[in-house]
């Protein structure tokens, strides 16, 4: 019971932190829409082209902007010593990784999820595709959060080359993108593709606490 | 309760310290002294099992610390030499976060008295980032009261404080010991705090 | 065969082999260039651009081979705890990257006259490009991670995960209908290529292997020494 | 002379901070290419579509990458007190803003500029468009750097009304990008559009030292 | 050279301090004392023209400071209460950066002696982020030597230092004063440094 409470208040803390960085979330979303405008403008007001590439655009931009927020993943808490305090409060490193991953999902990916319907209107994506998009994004973005957790915990030890972490995430997310976009464009295969996506999620999700936890431990040790 | 036996720590193949022995029972205060870079912070971190020692072992309540880690963590408050409050939030937010996060059973009036004795009661709505150095330090001590645990591990708690605050800390230390608590802290100065053991690194 | 997993044995063998290897690779290279530019016929369709093949195909094979070797050694390093595996990983990655780059550049040069563009997004070309990026990431990881113990494990895991890309590169031409040449030489049954082109190709392939080996030996030795003296 | 030296070594410092070596610039470029890959995977390997949206991809990535690095713009130097020391070394706040803007341009945007030709090969953008792209990119990215400077200096102040300000500033980047993309697609208007872009650049460039300088001053005062 | 007249500073409509007077001529040392939050850091920052005072004025060489700002900056070194070295870079890189940035005419052997007296010579290739608290502090003092200016404004220079380092600082202060330099620093303790003026906030 007490442990459960602690988890709850871990999220209270994350909430407070993220709300104080509210403009970061807002900026992310604005960039999302700005990028969509750019696309629409550069492709021209051709309705068909737009709706063909619409889904692709949404997906790539989501991916890119979630890498945008990777820096915040562990860095701040690591540097001001809060990671340590959280650990001393009875959370193992692996468990911290899981909690943080969900927190990233909640405070970074969910706002995007909410803005997808608006994006769909702008991009002329039919409303029946919207459902597929939301489902695939739901799964895909959690996968991305896990990958982000791994790469940014790795990057705590590699303070030199921040972008390398993003590149690694992006390389790993190539299959996710291929399958997710595939889901929407090949509707007859929906179930099997969703299964594949889900399989990827499970693998990454299982690796995440182990890999991130190890990296967190090592980087705290060397701090 | 804590026994440190022949502890040695290496870093990047450099010996930081060798064969340190130390034991802490309830009601006792241990002070760590030593030159800059002699490894006080490192020793405290090793006791907290954050740093892997290269040799030696640490016991908590008779068992190896590693086997008993989370029980140990349930009894210990660590205040590091850097501030850990969130700079972008106000004092009040910080206190609330700690209070809930540690599932503290301290009630609000106790916290208010603590704030008053620390002379922080007027800053509740100020961002922690704009507090003065000593005020940030004192805010950190609030965690001692919020967490309400028996073993305190403090890294240079007395630096940056003015005289009256140091006096206050001295009092607090003595009170804590009287309640069977135990303290281990590192410091470059010792303004008359009664310590049971002095470890020189 | 112990020298394949043991640094000190490797060092001994390498000392014997290195000089002959260097001489052999120079001879083979000279011979190969001679063959491919003067002693082999023009293709009836492609004209003299076919000669790009003698660089393109060996480098492509070696790019794949290098990665396969890295995969094997990663398994050795991770599963059997043979540290030599990590040494090989760090030493060999840049060589593979260079081969891949040669393959891409020569392929692009070949593609312009054959397909009309430098680049198309077919499965093989894309997967080779990804192979190249994977190589680069491995190199950069080796350069920028602080803690050696962690770094080599992370890199090995990355190599293993990235090895999914290998079969994709190899079989993409069979699985998908692409612009790129399907397997003609390396077909398992009978190669559908004229022997007059086959000879220079084989010679060039061996020349590439020799050069690759020579550089690899040098780099592995450096790696062993720097590890011994704890430079990294 | 001494002042000139100081400027030189300001950049030495920025160089040391931004890149611990050549590999960091390379990583930037790899990031760029991997993002292009991702776009293409999600859009599908259709030659025509790709060459239509090619320019848009390049521009969006530019925008994203410049926001990606906005956090680093002043934040780090502000928090560790280096901004103050630079000021005490004889640079006025406005001048620091100018220097920082150029540093951002140099270390973040120029690597992209360099990799555009290769991207054009991959994206089947014709080589005559390349020239337009480079010119508009050169102007546009400097403008973006200026806007980035203004918005991230506003971000330093922890006050609500300024948060909005930084977001609004970022919205200003929309017209720039629209004009820039327009340049490439409407070649006959090249000169007039370039003039507009140039005009925007001049305005932003003139405002930048003043606005950023003020924000820097205020935030140092309230720190 | 520096004259502070009737200085008052407000923050968020709260008076920090009022009507502070202070004058510093070459060869002199001024110490600022006061409780936590009494405004020592604020006063130092006001003297550096970073904070706008609400009342009063500051003179530098007889002229109003504001009119003469960059000349003042050319003569002053400020070390704040936080470390300003770049944590991600090594000691060596940091020193190089400072050296070039301040266009210092100090040669390498002088820096080496300074490093040796500060006992930092073994850490040249270590990241500043991994130094101990006192070592980081001492690294900061290297700027005093690199910048080589006549007025030193130091915020709590003595905290977190061990005894021998404090002794060293004392020596350095005296040497600097002997060379017509002047120092103003804040501190909670004064281990026998001879000061010409003591300002209590």
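Observations on the structure shown:
We call the chains A, B, C, D and E, going by the order they appear; numbering starts again at 1 in every chain.
Here is the rule we go by: a residue touches a chain if its C-beta (ideal position, glycine included) is under 8 Å from a C-beta of that chain, and two chains touch if they have at least 3 such contacts.
None of the values given here were measured: they were computed from a predicted structure.
Touch-path distance (fewest steps) from subunit A to subunit E is 1.
Compared with subunit E, the chain whose C-alpha mean position is the greatest distance off is C. Of the two chain pairs examined here, A-B and B-D, the one linked by more C-beta pairs in contact is A-B.
Distances between chain centres, each the mean of the C-alpha atoms, put C farthest from subunit B.
Here the CA centre of subunit D is 36 Å from the CA centre of subunit E.
We define each chain's centre as the mean of its Cα atoms; on that basis subunit B and subunit C are separated by 56 Å.
Subunit C and subunit E have Cα centroids separated by 58 Å. Annotation for subunit A: residues touching 2 or more other chains are 159-161, 164, 167, 171, 174, 222.
Counting partners per residue, subunit E has 88 as the residues that reach two or more other chains. Residue positions of subunit C touching 2 or more other chains, listed in rising order: 130, 133, 137, 140, 143-144.
The chain pairs satisfying the stated touch condition come to A-B, A-C, A-D, A-E, B-D, B-E, C-D, D-E. The part of subunit D that touches subunit E in the complex is made up of residues 2, 5-6, 9-10, 12-13, 16-17, 80-82, 84-90, 220-221. By the touch criterion given at the top, residues 48, 50-52, 70, 73-74, 76, 78, 80, 82-84, 86-89, 93, 97, 100-103 of subunit B touch subunit A in their complex. Residue ranges on subunit B touching subunit D, taken from their complex, read 88, 127, 129-130.
Taken in their complex, subunit D has these residues touching subunit A: 20, 23-24, 27-28, 30-31, 34-35, 37-39, 41-44, 49, 52-53, 55-56, 59-61, 63-64, 67-68, 71, 155, 163-164, 166-167, 170-171, 173-174, 177-178, 181-182, 185.
The touching residues of subunit A, counted against subunit E in their complex, run 159-160, 222-223.
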